[in-house]
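Which chain is which? They are A, B, C, D and E, in the order written, and residues in each are numbered from 1.
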Amino acid sequence: MSEEKPKKDGQDKWEPRIIAFLCNWCSYAGADLAGMSRFGYPAPIRVIKVPCSGRVDPLFVLRSFEQGADMVLVSGCHPGDCHYTSGNYHARRKLLAFRELLTFLGIDPRRFKISWVSAAEGGKWSSLVAEVTEEARALGPYKEFPRSVSEGVSDEG
Amino acid sequence: MSEQNLFEAPAGWLKSAVDALLSDGVEVVAPVGAEDGTVDLAPVSSSGAITLEYLNVNQPLKRLFFPQTEVLIEFERQDDGDIDVKSQSAPPEEEMVVFGCRPCDTAALDVLDKVFAWDYDDLRYRERRERATIVAFACTGPDPQCFCVPVGGSPHGSQGSDVLVFTRDDGSALLEVNTPKGEKLMERLGAVARPAQPDSGLPDVPDIHTGFDPEKIKLWLDDNFENEFWAGASLMCVGCGSCTYLCPTCHCFDIVDEGIWNRGERRRNWDSCSFGQFTAHASGHNPRPDQAARYRQRVMHKFKYFPERFGLVACVGCGRCLRACGVGQNLVSVLHDIEKT
Amino acid sequence: MIKLTINGNEAEAAEGQTILDVARELSIEIPTLCHHKAIPPTGACRICVVEITAGARPGLVPACAYPAQDGLEIQTDSERVRESRRMTLQLLEARCPEAKVIQEMAAEYGALDLPLERKDEKCIMCGLCVRVCKEIIGPAATCFAGRGPEREISTPYKLLSEVCIGCGACAFVCPTEAIDPAEFCSIALEKIPNEFNCGLDSRTPVYIPFPQAVPNKPVIDRENCIHFRTGGCGACKTVCPADAIDYDMEDKVVEEEVGAIVVATGYQLMDPAVYEEYGYGKYPDVVTSMEFERMVSASGPTGGGLHRPSNGELPKTIVFLQCIGSRQETDGKPYCSKICCMYTAKHTILYKHKVHDGQAFVFYMDVRSGGKNYEDFVRRVVKEKVATYLRGRVSKVFPRGGKLMVRGADTLGGGQVEIAADMVVLAPAVVPSSGVQELAQKLRIGYDQHDFLLEAHPKLRPVETNTAGVFLAGACHSPMDIPESVAQASAAASKALGLVTHERLTREPTIAVVDELTCNGCFECENVCAYKAIERKEILDKDGVVTAVLAHVNEGLCQGCGACGVTCRSKSLEVEGFRDLQLFSAISAISR
Amino acid sequence: MKADGPATDALRKEAADLLSRGDVGVVIGYGRQDDADLAAPVFARNAEDADRLVFDDHCLGNLAVYLPRSEIRAMGRAGVVVKGCDLMAVNVLLRENVIKREDVVLIGTHCAGVGEPQLEKCSTCDVHSPEGCDVVVGEPVDQPKVDEEQRYKAAAEIDAMSVEERWDFWRSQFDKCIRCYACRQVCPLCYCKRCIVEKNIPQWVATSAHLRGSIAWNVVRAFHLTGRCVGCGECERVCPVGIPLGAINQKMSRHVGDSYGFHSGLSADQEAPFTVWSPDDSDEGIL
Amino acid sequence: MTNGDSVRGNTALTPLDYRPAKMRIESITDETSDIKTFRLTFCDQDQNEQFEFRAGQFGLYSVFGSGEATFCIASSPTRRDYIECSVKRVGRVTNDLHECNEGDIIGFRGPYGNWFPLDEMEGKNLLFVGGGIGLAPLRSLIWNCLDLRDKFADILILYGARTVADLVYKEELKTWRERDDVKTIYTVDPGGETPDWDGEVGLVPVVLEKENPSPENTIVIACGPPIMIKFALFSMRKLGFPFESVYTTLENRMKCGVGKCGRCNVGNRYVCKDGPVFRYSDLLLLPQEF
């Protein structure tokens, strides 16, 4: 997919592709609340619901980048609030270590976000998305990362 | 083959030849050194990048014709449900000249040629082979791991090369032309090399110390598919693919699809008979369930099955498998052991 | 078998039974004072006399001592009997006007007009105490001393008794509450505060925890029990007609495999002493609502009598303070304790019942009377001027001239008010019972920052928890009143029944499954699982030899969070509904 | 260290004893093959075989890699020669229930470092003398104090680069990767019956040796070893194309060390850092 | 033409670029809980007309994005309007194939491999022994023979599955049984029968021995799970069948289908080229690695 291609609706502005993994109980509910409360937030975010932030495998993050994500966001319950008592604590350890690894390998850590958004924080969700979307826009397309289908480029190794 | 098959080239000939070819728009592949000290064949844009300090290139020649990964077809799902399927376009039209590979690697092309063109002719392989002229450099300093001679090769073997170059200490070289392709190249490089005096002797062939007899080995293999020997010989093998991936004759491959939601490509990737999953069925059944069976397959394939099927040993003695093995598995010792039994 | 007739009723008696025994079996009441079933009868008090009319020599005999005999005909309430008892009681009344039981009996038999001068004693000299100490407990700490009118129960030489073990058996058997071992025992006998009554009175070491306890059976408090402390006593065992006392019983850890657990650990009140301004713990007349509740309870320590703890006087002015710790973001609990508004309204009414001319004040923040008819109730209290409601906070309670000065703001009336109160009742915040955190961790259920237990879903699964099979009832979940607790308990019970009455369990389908072909058996999943749903499954070959131990998911426990699958490097654990392939596909699809 | 030194003598005697007593079915040790630089594994099945064992500074490999193999298990109880660094891998295998302590006899070797020139890892080795072995052979060696900076030197050098420089660096490294999985196969802790790359429903990690596939593979490999890697360095040593995998492992070891005070392999009853948590774990970088 | 070219071209040096022909799924039949039969036609009409194959040959079917998988062609070469394949859900490609709907487009390379020796079978009695989904290659041959019924002597079809539910081609089993010119014996493993099952109950080799067919002038074609084949051959030896007249098929894993990828090799044989049909006497000479 060429990020530079004009969008179908004729809007020729590039928009980042942000894939977000939201835990079912807090962040997804928080996003829901944002909607119900009529808090607006930017459209580029694409949400995948998972039972718990502890279900987010670092593989998801990697795969999202491969499939064209310019930014990946994982959001779960605040520490102590996990529906499954400790899933977010596991997620915190794993995902922060994973980010450490990505950073070490030169994969821009600004493109991998982690957040805690509770079911009551519709407002936080809304402003968080606005903030990260703005950052993703500023970062521009993640061209460096090798995508699953390269645009006409043979990548024989 | 014309009468004249020896050419004399002065010191610095390689630079001139490469520059001449590059300026003709020919793709030149030659040995290039990396930071870590390894040397590998790579396309060069100037003669300056070329190194001549190596026993052999790290990765085998085969990858120029049978790349480690390549796109076979591309497909795209259309809105109406139809699928657009395209063959990945053929390799570039222009010629390619490969400098600097060793006779063992060129000999391995015989093995690959046989496999890729029996019965069905693998278009991609053939097209890549056709566009390439191979200028091999005769081997001057084989190391203790080299064993090309017992498997029918020689440090001066001309098998598989279009031109074989004997480099002298002073940098000048004697070029032996072996094929019409080689002749064509020499015509093109008329300014670089001139026909040699008929009495220009070839340098002495360096000694290869390691010796064994593939015939005798095959005789033993014929009778010993089932033998405790295999379990013992394979115990130290950890089942990685480095020997097979570095082997110039190994040619097993896998075909996989990759892609995104509506588009993708089918790729051909190297695969290795050392891998546990290589022959595993989806049902879980695995005809070669342990490393012993897999190691046996590797030896059998090279020294028995391939000769039976195609008339030549599928090993050229380059020694990479010995050098690359992380645990010290040594094919030659294994063959010696077999010979001794 | 002995056959006899009592008051015309035919009765059968076993050898050795007394007339009293037989009469009691027939539910015919014969009053006694000096009789105790644990001690052989002596017939000392003569209250239990009955009349033999036939079958033996007719006449009056003590029922407690006279053996049942074949053919006896007995009248327990004849004129002759009553006359005899009246006379006896007149004598006793004269001696012991202080003893309540004598007073009551004397009234019943018309023995109150005395021809005699009254003494002011309690002891009727029945000697039960002496005998119980000697014959049952053993030390013989007390004895009769003196003669004639000087006769009394005493320790030898009226000294502190070295042999008395303080068991209290003497006091226990005394029909007139005339003896108190604390007066002569050399061991300091401390009162054991009665927990149920907030320590407002005391209890014995063997006691029934509270009225209507279930089971309604006594327990022995080993720490205070004389038997366990000294090895002696054993009175309760001796007297127990059911022989239910077994000192050798040990606490047992009972393991039960259950299909459901209902957590109903209730609540406790926050200690209001942390708010020094209210003076709780410092001034005895500042009490908590719970203490007040016990004071006004007919079964409470005061038998329903409301007195100022400081001096026992009737509190003529009482002030109720609401929200002690509740709705206090900074130094208390931010939540509303929910029940205080209503019970305080009730308390004002109870107060008025006890002290008709009393004045009650209530300091409140808001009156929260959500609930059926609750508002009407509060309205009534206010309208009928049962209590004066003052909207505002109290800044200080301090003593002045035998009163408690309650200084607070009346935000509606304006200005500061100061009330001279006899009693101040605090409504402390409702907090979860202590130890609930540990329990929650053990049950792997969630709790909030105040340690109230968490329901599985605030709207849709209010009595379930995140751990399947564990349910919540009552105030362990949040402050709630009785109807709400009952509703929740009913819901929890029916949820639990719904679980255990089915042959198969119904569960969410989104649970983890193991791919046994690829599981390495490293059990990192086991550590990660918050629900202990990962079990170790032994894989046997055909000879029954264990060839591998692999992870297995207990389907009843797994909640499907998926943490195990992320931990599993070989991806041998996946959560149904959120399988890797599904998320992989989701990533592809969403990346369009 | 010489092959015919006292360590070798003691080792042979110990192995011969174990084998002749029938205590073990096999002793996995090092042996010499001609004059190769690398001492290759020897699987001694009887007392005579034991004479092929050596211990010297050519003994680079980590023989713990053989312990989970079914061929070895089939031989019965296994004796294995372990240097201090190798023993750390054994500890992880024990922790992860891959092997049982009673199924192995650990023949430790005092080791002052191996390789000519000496391997980098040996300069920061804390375990010149292994602890917890059934027997330890050789002369005890001094345990020098390790320079903490030196320990993470390779990672620190890369850490010092900018994100862009790191990306360029690793891209060129991963471009070389031929996906032979030698790093995996030689790693004692990569014992999965089915590696994640071999799982094709779904295929998280592309098997193709293009940059994308190789990034995925190397990221996943490194992450699967985070909190487990004992730093034996075998992956980097055997990599036929010379990718500095040790630096990645080092980085992640440092991360779990600094963040959770965890150092893998020190004992068999550690709790892996990714299976436990603390409410006090850092929230840094979380929005 | 597809890459496999026609059977006639099988020995010629045929150019190969691994590009599959597109085929449309015309219909899908559920055979068992995890086996479906797909009827396919080439999207390109010319290919439909030119396509030829012989019973026993296989093809590589691909779901684009998922990969290629090898199955025999289960329809008869005498039915020329379509090809059919029966697919058991076992892995990535077969999973995705099972997810396909009628009208979807898949890829096909083939036909590849050798075929059953129809010439040799002429005039002989034919004994088909099938187990489970092993009936798929036999089905191609059975219909082929039935469509040319005059060329063969007696035909006996012995087919078994684990349970009644595991029997494939249930309608065709009925059709064959109703024919006068074929004898059929269907069996299920003990315990696999249903109350209304009117066939045999017993393992295929057991039923075979009970039936005791004459080895005289008979060719046996046996396809099924390895364990069944093993015991069926044991029974045939007991009954006096020479291994030279027994044929079976091998199903090693393959990727290219054309003798290059090195995966299906058994000794010096390529299952994709020298097979999948093997004479049992030849198979015995190969390393037992399949």
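In this section, a contact is a pair of C-beta atoms (placed from the backbone, for glycine too) under 8 Å apart; a residue touches a chain by one contact, two chains touch by 3 or more.
This structure is a prediction, so every number in the text was calculated from the model and none was measured.
Asker: Determine the set of chains touching chain A that also touch chain B.
Answerer: Output, common partners of chain A and chain B: C, D.
Asker: Would you mind telling me which chain pair, C-D or B-E, is linked by more contacting C-beta pairs?
Answerer: Most contacts of the two pairs: B-E.
Asker: Could you pull out the chain whose C-alpha mean position is farthest off from that of chain C?
Answerer: Chain B.
Asker: I'd like the Å distance between the centres of chain B and chain D, where a centre is the mean of that chain's Cα atoms.
Answerer: For chain B versus chain D, the centre distance works out to 32 Å.
Asker: Which integer distance in Å separates the CA centroid of chain A from that of chain D?
Answerer: 35
Asker: If you average the CA atoms of chain A and of chain E, how far apart do the two points sit, in angstrom?
Answerer: The answer is 49 Å.
Asker: Centre to centre, by mean C-alpha position, how many angstrom separate chain A and chain C?
Answerer: 56
Asker: At least two partner chains per residue is the criterion; list those residues in chain C.
Answerer: Each of 517, 528, 567, 580, 584, 588, 591 in chain C touches at least two other chains.
Asker: Which residues belonging to chain D are in contact with no fewer than two other chains?
Answerer: 194, 196, 201, 203-204, 206, 208-210, 213, 274
Asker: What are the residues of chain A that contact at least two other chains?
Answerer: 1, 59, 63, 67-68, 80, 86, 90, 94, 147-148, 155-157
Asker: Pairwise, which chains touch?
Answerer: Inter-chain contacts occur between A-B, A-C, A-D, B-C, B-D, B-E, C-D, D-E.
Asker: Could you pull out which chain C residues touch chain D in their complex?
Answerer: Interface residues on the chain C side: 517-524, 527-528, 549, 567, 569-571, 580-581, 584-585.
Asker: Which residues, counting only chain A, touch chain C once they are in their complex?
Answerer: 1, 17, 19, 46-48, 50-52, 54-57, 59-60, 63-64, 67-69, 80, 83-87, 90-91, 94
Asker: Please name which positions on chain E make contact with chain D in the complex.
Answerer: Residues 91-92, 95 of chain E touch chain D in their complex.
Asker: Would you tell me which residues of chain D are touching chain E in their complex?
Answerer: Touching chain E: residues 200-201, 203 of chain D.
Asker: Okay, in this complex, where on chain B does chain A touch?
Answerer: Going by the criterion above, the answer is residues 67-71, 88, 258-260, 263-265.
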